[in-house]
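Two complexes follow with subunit A in common, the first pairing it with subunit B and the second with subunit C.
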Partner chain A sequence: MKTKLATMALGAVMAAGPVMADLVFPSLSYRTGPYAAGGIPFADGYADYFTLLNERDGGIGGVPAKVIECETGYNTEKGVECYESTKGEGALVYQPLSTGITYQLIPKTTADGIPMHTMGYGRTSAKNGGVFSHTFNYPANYWDGASGAINYLLEENGGDLNGKKVALVYHNSAYGKEPIRTLEELSKKHGFELVALPVDHPGQEQKSQWLQIRRDKPDYVLMWGWGVMNQVAVQEAANIRFPMENFIGIWWSGSENDVLPAGEAANGYKALTFHNVGSDFPLYDDLNKYVIDAGKAAGAGDQVGTVLYNRGLYAAMLAAEAAKKAQEISGNAEITPADMRDGMEALEITEAKMSELGLPNFGPTFSVSCENHGGDALVGVTQWDAATKTWSLISEFKPTDGDVIGPLITEDSSAYAAENNIDPRC
Partner chain B sequence: MFYREAGDFKVSYVDDSQTFPIKFDRYRYYVVLAVAFGIIPFIINDYWANALLLPFLIYAIAAIGLNILVGYCGQVSLGTGGFMAVGAYACYKLMTAFPDVSMFIHVILAGGITAIVGVLFGLPSLRIKGFYLAVATLAAQFFLVWLFNRVPWFYNYSASGQINAPERDVFGIIITGPNAPAWATYVFCLIFLTLCAVVARNLTRGTTGRTWMAIRDMDIAAEIIGVNPLKAKLTAFAVSSFFVGISGALFFAVYLGAVEVGEVFGIQKSFLVLFMIIIGGLGSIFGSFAGAAFLVLLPVVLKVVGADWMGWPTDIVAHLQLVIVGALIILFLILEPHGLAQLWRVAKEKLRLWPFPH
Partner chain C sequence: MPEQLVFGMEVILNGLMAGVLYALVALGFVLIYKASGIFNYAQGVMALFAAMTLVGIMNGQVPFSHLINAIFGTHIHYFGWNVPALFAILLTMAVMVLLAWAVQRFVMRHLVGQEPIILFMATIGLAYFLEGVADLMWGSEIKTLDVGLPQGINLWIDESTFNIFGYGFFIDNLDIVATVIAALLVAALVAFSQYTKQGRAMRAVADDHQAALSVGISLNFIWIMVWSVAGFVALVAGIMWGTKSGVQFSLSLIALKALPVLMLGGFTSIPGAIVGGLIIGVGEKLFEFTLGPALGGATENWFAYVLALIFLVFRPQGLFGEKIIERV
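Right, the complex of A and B next:
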């Protein structure tokens, strides 16, 4: 433990050593490859929010923010290269936007003393901050998503899912497999039948899965997809005339890119979410004024206001708020990754704070603590309207089934703690 | 002038048949070894280790393995990714089942397990050849990836299906896990690469290698002069898979630390290693090194030049990388179909005559 602490301290010193002129927020983005459709808007939103802070407020607490972009292509090997090449620049927080890269970085960031925020992806049991000291996954995780979807279906069916059949179409990777355990528990609890249908990377070939859905006739289909897999699934669902209102995607399967290719046929498709959609927020006035009209938007600037752009904004907003919190705690404007971690652990997002930032009712309210790195697990549902080409929130952010998820998180995180000899901090 | 046989007198057969008969070559080899073992470990940092050197060393082992099968024995294989996965999962199971055993033993055992699997999938090579064998090994690739995705025993029933390398050591020095120092991981992989290269080089110069090459050049003729095709082909599969298994184990345990079989050991990996030996040079140990270096280092160099120095948008750099690497591959294959190793051979030929070519 002593050597571990020493390495951690050394890592923090090394990471904090170089020029401290800026607050560095690396963006491990992917603007190429089969997942680029999701990676581009997120990276644009992430960069634009920091540009806005720099242009409007002169940075965070007077220190300019610097976004270093590194292309991973959703590939773990390139993710490692990106992590190693950016960590020496004084990186404050990593947001890899990939569950595979997250799994790799959890031990590395912990050893190097740099926090990582995996917002709505990554390892679900990282919610247990006692074990995962440097990993945060607020405001919601996959198991909340699974439970949120089932809760929504329960609501639709008057609280009873007995005898119903629910199919899960999932990306055959760590990401897609995450919800299965929770859904199995929930199927035992609520008496529905679960059919899991894996789709292999990158997901362009789904004929057999949808043929099986056509044959089995499940009442509902849930989807854990990403990138090109989403559009193909929505198109295939339309081809077999599966009722779109019974087809619910996770938040990574609920952007404009996923439904536009199917046109009218995608009308009524639903997706979970942990933040609001659209561009009807006061923040967008500032964004237009300081960033977009000034020609400083990241990328092509054509993603503004889309679901994933909003998610990038939201991720950047949470990072900036945590940085402010860290400045407040440490009393130092030029914070280190260790300060940033403390700031993230003390983060509290209230309605008042979101309104003040120009994002009223943008996301759920939550607070982070050592025991809970995952926020309060509130999940909403959005629906696609093909005629107006807009997503709208049809179910407010509601709590998920903590009775099922809590024990699963404890079980998984204590297994990790035992494997890696970690003494829970709290 | 410097690079010549003249004046370098050999007084025994052992001297005469050594790997580097020319003095200059021999000293160069010692210098490379001295730099790799004696200097780099002291100046290495995390970035150099994880972004450049570890992938180079590990891919070089895989390339040597595949080169034995494809370059020396002429059996086309597209199952490299699958065999690397066998090495990785075998290493994971061994690491978690016997935590106190040294990593050296785990990696070598993982190679051994892969060799057994490789022989099994090599059996069809006795009946089918060329493209058809490529298809059969392609089946191995897909089957193995499917197997590791499908059977939870292989990933110890973890919820995500990922395997994570726990912290393990050799003689008290941590080799795997996030706290492993960069120099230790580098030296660990370097030792394996050196051993593999020496073994491969000597195997290919001996009887075994000659039977492989006889099979490659014309299997019927080889059989007539007394080469046992069963033995030759299966030993090639075994030795090749052993090396590929070692590289898979190192790739997972030392380099990445966490692996998702479909993404890391997919068909792209098989093609990547195959491209390495085609560009480097089929039937050449040096070619395996050159090919691995070319395909590992070039993308990183292009990224550093394009994104970090020139400040171009990252997506443009990523696309340019594909264009440039693709164009270079085509150029190489047109200008030098025998790969980088042939360029090296020609250069040595020229050096031998320099400065008085006739």
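Right, the complex of A and C next:
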């Protein structure tokens, strides 16, 4: 009897052992609700990359990666519940995929000592790692997006936007309002007129905004939208025959979902990006072999190669590389959230590393430091081809205007530090 | 003519068109409330379900394919055929009738005589159930809906108004089609309820379902019929809104646009839904045009409710609603 009990206990310990040792990457996903069409591909890409590492490499540094998925429905309260219910599982890094959830989790993750990565969303001034010790937003943030769009327009206009009119159609939320301050500063610097046009959630009805655009005749329209707002805006732009090549969305307004419903009319629409598009990368050979063809793809397996799938894949790759860095720094394969934070803060993404990972020219090169949690702020532009139903990267990843963005980040992060009695670390 | 006045006329016309689209959603609520006293929270989801079913049938999508593939390890997603739009609409209508029967058989039949709030709660449950079934049946991705409706600026109106005012008005062809369809729909519904045996039976049930039962009217049949008609209205609304934005889960949120229309027009009047929709449509667009810029824009959502509340102060039953007198 004693032998049996001892065997059972040993078995239980052995069974529990690997679970404890797994590197846990929670995925706060949204596969249901109005924003599911955007949440599903990201969650699939995020999960598939870790599946690939487990199947091909046996995990990260020999330790299996474990993705715990929790459904937020893009709802801030549910997102916080997901955080509370998963943080005890040994979570190494959170990627909430929602600016609302990010704002709620900044103080919580800081207090709990768990890093959070908000790639291309969240609180922009979290780039100041001296104040936001556990929040990272590399490789680019909303203000980089605003500056990237204006830089692109400058290029298109021979470096002169003086006298031009730029309209911003934005989701009337904290997310949508993020670029306004930067664009106001940029309009002063470059002499263009900025017209801000808010669209209420969810954005199914935008007739007033597009009638105004038709009357005012701006030279360019920028869009900060998400979900149904994007599809309606592209359709309305087509309806008033606004030239699509002069219509540029932020990266959350630049997926297949946003342009397909408008059909041919969406041809030429542009969007900003901080990663490449399509599936023509060596990594996809391994993904097909170890994950997709093996029947281990997340979800229905039908999102592979889409813009948002690539973004999820990229987010997972950056998390995995930070985990490797953390293992290297700590000397332990089984890292803690504190190690992970150190790994993220020492992360360096070079083109050589990207090529080695099977993702040449997939994303910008950047490095992270205590002072700079936002990377090198390089932004590219993509364009939609309705005939082939594909996005193409039409510019390199180019620098944004640090002279304008830098002081804004200092101002906002200093205010946060003062409100929360934070002494900058660096 | 002053430029702002011309712009204002264009805004009013577009407000009227938007109002028709709101009214299309509100009509479904009115039909069910009129016949059974139930505020059907699931009406928006019914529009979503109908539109998803229509696209699925048109594209030859295998329903529940993800579930089937997960259980049996197969990789089937499409039958390999496309169904013409008109035939697909008929098939979708058959699905909506089946849904009406299921709602009646498995939900409402068991709740006859219950408090209105319980019936309302049941429709909340129905909304969540239906949303889940739609997801499982057809998937969550955004689908393009093209039943051949024209979209984009109406060039004739653009040119005609340009010749008169020196500024061409923008009117979306889809909105014009929606207006014509809504007008036909309302005329058909009014004629149905006034001049057909089933329509009169429906009104009798709405007045007093026990009295109707005593004269031999089948409650089951009437309620299935009403839910079917509401399903048809949901399908029309789903086609119009789905053509604009693609068929996706946020389509169910169009119900939010119907609430101020119902508050204003009354829950029991079909013409009220139309007039309410037009007032809300024009009111919110004009407010946004005139005072929106001074208030930071995006006033339409909240202004629609404010407008409805102002009407409620003076006519709690809505413009065309029945005045309820309760004697104690």
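Heads up, the rule we're going with is that the second predicted complex is superposed on the first by the 407 of 426 C-alpha atoms of A that agree within 3 Å, B and C clash if a C-alpha of one lies under 4 Å from a C-alpha of the other, contacts with A are read in each partner's own complex, and residues count from 1 in each chain.
Everything below uses one rule, namely that contacts are C-beta pairs under 8 Å (C-beta built on N, C-alpha and C of every residue); 3 or more make two chains touch, one makes a residue touch a chain.
Just so it is clear, the model here is predicted, and its values are computed rather than measured.
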Superpose on subunit A as described above, then tell me if subunit B and subunit C fit or clash.
-> clash
Check the residue A:A111 against both partner chains and state whether it touches subunit B (first), subunit C (second), both, or neither.
-> first
Which of the two partners, first being subunit B and second being subunit C, lies in contact with A:P96: first, second, both, or neither?
-> neither
Answer with first, second, both or neither: which of subunit B and subunit C does A:G88 touch in the superposed model?
-> first
After lining up the shared chain so the two structures overlap, which partner does A:K177 touch, if you call subunit B first and subunit C second: first, second, both or neither?
-> first
Between subunit B (first) and subunit C (second), which, if any, makes contact with A:R31: first, second, both or neither?
-> both
For A:G380, select first, second, both or neither according to whether it touches subunit B, subunit C, the two together, or no partner.
-> neither
For A:I240, is the partner it touches subunit B (first), subunit C (second), both, or none of the two (neither)?
-> second
Of the two partner chains, subunit B (first) and subunit C (second), which one does A:E419 touch, if any: first, second, both, or neither?
-> first
Superposing the two structures on chain A, identify the stretch of subunit B from 42-50, 132-140 or 294-302 that clashes with subunit C.
-> 132-140
Jot down the residues of subunit A that show up as touching in both complexes, subunit B in one and subunit C in the other.
-> 31-32, 36, 40, 172, 198, 200-201
If you look only at subunit C, which of its residues touch subunit A in the complex?
-> 7, 10-11, 14, 18, 66, 69, 73, 77, 131-132, 135, 139-146, 151-153, 170, 172, 241, 244-246, 248-254, 257, 285, 288-289, 292, 296-298, 300-301
Counting only contacts in the complex, subunit A reaches subunit B at residues 3-4, 7, 29, 31-32, 36, 40, 69-71, 73, 75-77, 80-81, 84-85, 87-88, 99-100, 103-104, 106-108, 110-112, 123-124, 172-175, 177-178, 180-181, 198, 200-201, 299, 412, 415, 419-421
Show which residues of subunit B lie in contact with subunit A when the two form their complex.
-> 46-47, 50-51, 55, 149, 158-162, 164, 166-167, 177-179, 255-260, 262-264, 266, 300, 303, 307-308, 313-315, 317-319
Interface with subunit C, subunit A side, in the complex: residues 31-37, 40, 172, 196-202, 204-205, 207-209, 211, 214-215, 227-228, 231-232, 235, 238-241, 257, 260-261, 263, 265, 295, 300, 302
